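Pasting the structures here.
Below are two complexes that have subunit A in common, paired first with subunit B and then with subunit C.
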Partner chain A sequence: MPAKKLNLRKRYELLTRGMGWETTHQDMDDVFPYDSFEGIKITDWDKWEDPFRLTMDAYWKFQAEKEKKLYAVIDSFAQNNGQTNLSDASYLSAIKLFITGVTPLEYGAHRGFAHLGRHFRGDGARIACQMQAIDELRHAQTQIHTISHYNKHFNGLHDPFHQFDRVWYLSVPKSFVEDAMTAGPFEFITSISFAFEYVLTNMLFVPFMSGAAYNGDMATVTFGFSAQSDESRHMTLGLEIIKFMLEQHEDNLPIVQRWMDKHFWRAYRLLALVSAMQDYMLTNSPLSWKEAWDVYFVENGGALFEDLSRYGLKMPKYHELATAEAEHLSHQVWSVFCLLGNATGFHTFLPTEEKMDWLSEKYPNTFDKYYRPRFEHWAKQKEEGTFQYLAALPQLCQVCQIPMIFTEVETDPMQLSFRVSEYKGDKYNTCSDGCKDIFDHEPEKYAQAWLPVHQIFQGNSGGATIPEVLEWYKFAPEDGGDYIGSQDHARWQEWKGADDKVKQA
Partner chain B sequence: MAVIAKDGYVDIVRDKVENFHGNQLVHVSWDDHLLFSAAQAFPLPPEMPFQALVSEVMASVFSYHEDYEKIDWAAVKWMLDGENFTPEMDKSLKDNGVCHKSLIRFKTPGLMGINGTRL
Partner chain C sequence: MSIEISAKTIQPVRLSYGNLKERFGDKKPASRYQEAVYDVQPTTNFQYLPIWNTKHELYDKSKTAIVMEDWYSFADPRQYYYGTYTIARSKQQDVAEHNFSFVDKRDLFDSVPEEVKQAAREILVPLRHVEWAANMNNCQITDECYGSNFSTLAMFNAMDRLGMAQYVTRLGLLLDGNEETSLDAGKQAWMEAPEWQGLRHAIEDMFVLDDWFELMVAQNFVLDGLVFPLLYDRFEKKLTVEGGATIAMLTEFMDDWYKETVRWTNALAKVTAKESEANQELLSKWTNKWTDRLVGALEPVAAKAFGADGIEQLTKVKEELLARLTKSGVTGLKRS
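Up next is the complex of A and B:
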């Protein structure tokens, strides 16, 4: 009689737990040197429960199937000149920000999880991290393959990885992922899997993927779908690691809470770039940043932390401020991009009348009062030919590295928010209490921050003039500036007939 | 608090004033004129007279604003690193207490930005 087929759980256990053993020739602490110095106490790694119970052989099969479908769609997109079905070529600014800002993040996450996939003592956790390492690499690759099609037709997509290490606004995602990668493994996984992927990933992927669908970008929609089932597995890993740490030892709670507070704020500040993309760069926006924040953070996130309160975990510090900022964030970020549009690798453009009406409707408390006047002023200046880009470089936050554009939204939304700390006799400027707390906790880490503006002034960024710095970024002169009158715009007009403005449906 | 690291932690201060080739970094922000979006950063010699900061450096950026020519400089309210202060125009930045990565804010009474919008 043939052996009875193993059930999924048994099979999973054999194919994962069976891979590990207690070492005898070498001390376990020497074999796994990184998983204890952070102070997280694990008493029994066998209590690790991977809710997906995916084995490597099943994993390969699923992923191969998805790849086959994805590449079939990408091929047909290319053959049918899918790029001509976009809502407008100005939409591609969002894709340019994505490939330069997000794709290298995926690669950074791949490196981080590959490290964890070797260095966690528990074999169940190691296997889960190895799969996620492969997922992240796959995401980076499929994004590059998908977007490479647009690179044949449009500017600004030619060298994302070179730019990620140098460009002023790309230091924001770079510093975020490198902050996590230079921490210990438990902090890394709390940052990426929980704070980013569990709590906030919907703020990136849902609006971005529905945004792509709303704007005729079927190529991006396809890699989004291909990544989605991985993302839900990653989210589950994020939740599992938090519960696991909290169940293993009560001493872990304050450490996890502090990491949660820190990485929530780091991830949220990073998403400020996405808020601008969602409200301003998408020709047609499926929902506003504020609406997305209310659904995915206030409602869903609130329910999640309600559930986690039985472990003693509280909502991340300064979440109320993030919610108060939701009515201001995208407008402040897009304003500074418009002011520095001569130094971006994507095109900037002022919101059209229709877009401004949409923004008034979505932001009834803030848009007309605080933000419409500046866009109307700049529009008038552009018409008169008196508009100028900023003649200097902005002050940067030492932690999130975003220009210090954020304001005191709870007391005076037109007053910039300034915070400062002292460390070893030097001043360190931060944009918010959230970033200041992060600095004050580990000043020796953030004193090392590679701040693009400071690097330019130190002479480390190709030269002292904007053209020299842009050349060092590998930005071509045609990559930035106004969309109207750009090569991208001219090409779009060739395909679609004359349109002399940014479209807004 | 301090970083928790496995081994000795390499402690580099990336923005030491010595790295700025004789300059120090100075941030300047014009209150109630948010059109500029953020404070602006300038690498300046500490020996620069405060007057030169005002009439050369600040003018190079802020004169673009229509309020700039209406500024009554005698009435301007200054803040240095969060404290009210009165700069001595003929003295250097250093002697005025402006140090590396300081923030200078100035308020121009009566001028509230384009059409009073604080822009």
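Up next is the complex of A and C:
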């Protein structure tokens, strides 16, 4: 008897649906206890459309092929000392920030999506989240393997996971992902899949990967490209979940809009670190933060929200401010890293003349006016031997945990932006209206924040002096400070010759 | 790359990440397995309590009663990280794919006696729901467990179970030429046929277990330790004798998978039991509790599968399981 023909869609449906069942011995609300308390109303999980149709056999096959190719490149990179082909060893500050700040986020996403992969009531949504959970694990592991070779030849890459839990600037990514993970499942997926992966991922991915390509870092380029096909699945999931929530019930719109506003701002503040990487850490920058923002957020993001307006979803609150800040962000962030370069796990360096000219060109309204004089002043001080790192620890924003360095760019770019909220008799400082709104909506959550600077003052970070704290971070003395004169620099010169042009001052 | 540079030997300044140097010394570079699974999970200074479980930190050792001085004292004998895992499964799925297309192309099902096909419909097809539940339970373990070593293993296991649920589904479709009647009948049996209700009840109770390590014992030690040897091994052999070798070809993946997976559950049982008297007692208590419950639940399934021989087959499988766990150091198990 000839078998009945099954089209691909039907076949996929049979392989992913109908295996779950309505439990009768346990209440479904006990089996799935977390998917209703946030107030999102799902009337029919069967309306879920899988954003990608992958059965496990196909998944194993495709992913194994990608892994074989990736590891062949990683092996060859190590065997041929690919690190000697970088544009400059100072470039690795970006990779040091990446493995300490981004790789742990991949692991967090792995666990967060596993939580959703178990706890969403809909079979299709669970499978999609499980696929992402294992992909995120892949990204963490391939990044560790790729960067492992750099760790063998450079400082500052040796203890990323210990540092993620402790270091003052790494609480920015840590608090970001833990914020999402400690929220309910629908908020988590809105934060990670939509606000971060769909709306803003290009702001992370493109600068890092094209930055790597521009600076001879073939290892990072390879894992980046290898991850990209996973990322495109993840982005599709982000869009699907938003549409699904908005189509299921009209009451979901205000909740989703509030999450969108919150997590857009949260993710945007996290990306402030990327802006500094992009404009300052890269020896050769493929595009400036401002250019990236204009293309990936203003243009592409604008079109996306135009498309979503039929569901009633509006552009995230304070997006105009983020666009106005684009001319200032990287300069402000890199300045604070330079001032605290004695307490970073990567090398800092002042922009060269050539770099400053590039910045003037890319930031015609702001760089020469506000930031060039600052860097030139510090350069002069360094020459004279009078430059001093900040003696005091910076105050951190209670929400994004970045030092309070941002300014009132719309009115007076030299005026610090500073907001205060009160909760149970205590005052809490935030860096912006965006962060203040987030605090004020859930003060009981953000009052719990583990702020690294507060913890140092309370004696919970290894001691009262900077060397004690750095030791507790497992920052070796040779990990931070100026690039020029560092062990990394000396090693680079040993390979490339001492007369190799100094690319970073 | 210039020839001179590539010809140079460049001495590394360190061989491994710091955490691995502390664990394994710095005589030689850490393996990819070690790099991938050790110490990646955050351990301290959590920012906020989960609003969905304010009794525990985001990652919290106290989510199970099992106490380990070091949750990384256990190593996977297969040394799986994502790359080695997907490459291994990719090879297995190649074989499975070949078997499925071979059966399909040669119409091998035409020569399988109808009673054997019916037995496969009644006993094997409902297992897609059992694998689906195993997927949920291992996802639960991935969510709740402690340490990146554990979450990696549980995640791979969860995806394996989804894959096997899909292979059983394909078997069901082949059985009736894609008419879906076998899948529908399997679901109905799972929900209503008396022989499956004890197992379904037990599995639904597993869905709401508080302690993820108890779930680990119930699902991956006990239930798998009964179902795979009983139904994918012994029952398949019976079908083969009766003219159903074709069916065994289509479930080869499961048989191989179990033989491989039991290596890590054995290793896990061993390390956990060895850690302390208290752990050993918990493992014994949970193993006894779930062995009683699940053997009872599987009795009618075994009777349906093997007829008069069913209880004896199940008893043998149970004996093997308990002997294996005892050998791994889980003592105090009730043998009869």
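Things worth noting here:
Assume the second predicted complex is superposed on the first by the 495 of 505 C-alpha atoms of A that agree within 3 Å, B and C clash if a C-alpha of one lies under 4 Å from a C-alpha of the other, contacts with A are read in each partner's own complex, and residues count from 1 in each chain.
In this section, a contact is a pair of C-beta atoms (placed from the backbone, for glycine too) under 8 Å apart; a residue touches a chain by one contact, two chains touch by 3 or more.
Everything numeric in this text was worked out from a predicted model, so none of it was measured.
Shared-chain residue A:Phe418: touches subunit B; no touch with subunit C.
By the document's definition of touching, neither partner reaches A:Gln248: not subunit B, not subunit C. When the two structures are aligned on the shared chain, A:Tyr34 is found in touch with subunit B and with subunit C.
Of the two partner chains, both subunit B and subunit C are touched by A:Gln448. Once chain A of one complex is fitted onto chain A of the other, the partner contacts of A:Leu14 are limited to subunit C, with no touch recorded for subunit B.
Legend: residue contacts after superposition of the two complexes on their common chain; A:Ser360 is shown touching neither subunit B nor subunit C. Once chain A of one complex is fitted onto chain A of the other, the partner contacts of A:Gln257 are absent, as it touches neither subunit B nor subunit C. Contact with both subunit B and subunit C is seen for A:Gly184 once the two complexes are overlaid on the shared chain.
Residue contacts after overlaying the shared chain place A:Gln458 against subunit B, while subunit C stays out of touching range.
With both complexes superposed, C is the one of subunit B and subunit C in contact with more subunit A residues.
Residues common to the contacts of subunit A with subunit B and with subunit C across the two structures: 33-34, 37, 184, 445, 448-450.
Within the complex, the subunit A residues that touch subunit B are 33-34, 37-39, 184, 332, 335-336, 339, 373-374, 377, 388, 390-396, 403-405, 407, 414-416, 418, 420, 424, 426-429, 440-442, 444-445, 447-451, 453-454, 457-459.
Listing the residues of subunit A that touch subunit C in their complex gives 1-6, 14-16, 18-21, 23-26, 30-31, 33-34, 37, 55-57, 59-61, 63-65, 67-68, 70-71, 80-82, 84-85, 104, 107-108, 110-111, 114-115, 117-119, 126-127, 130, 133-134, 137-138, 140-142, 144-145, 148, 151-155, 157-162, 164-166, 171, 174-175, 178-179, 181-184, 445-446, 448-450, 455, 474, 487, 491, 495.
For subunit C in complex with subunit A, the touching residues are 1, 5-6, 8, 10, 12-19, 29, 32, 35-37, 39-52, 58-59, 81-83, 86-87, 89-94, 96-97, 104, 110, 128-129, 131-132, 135-136, 139-140, 142-143, 148, 151-152, 155-156, 158-160, 162-163, 165-167, 169-170, 173-174, 177-180, 183, 187, 190-191, 200-201, 204-205, 207-208. Every residue of subunit B that touches subunit A in the complex is listed here, in rising order: 1-6, 9, 11-17, 19-21, 23, 25, 27, 29, 31-32, 34-43, 60-61, 64, 81-82, 99-103, 114-115, 117-119.
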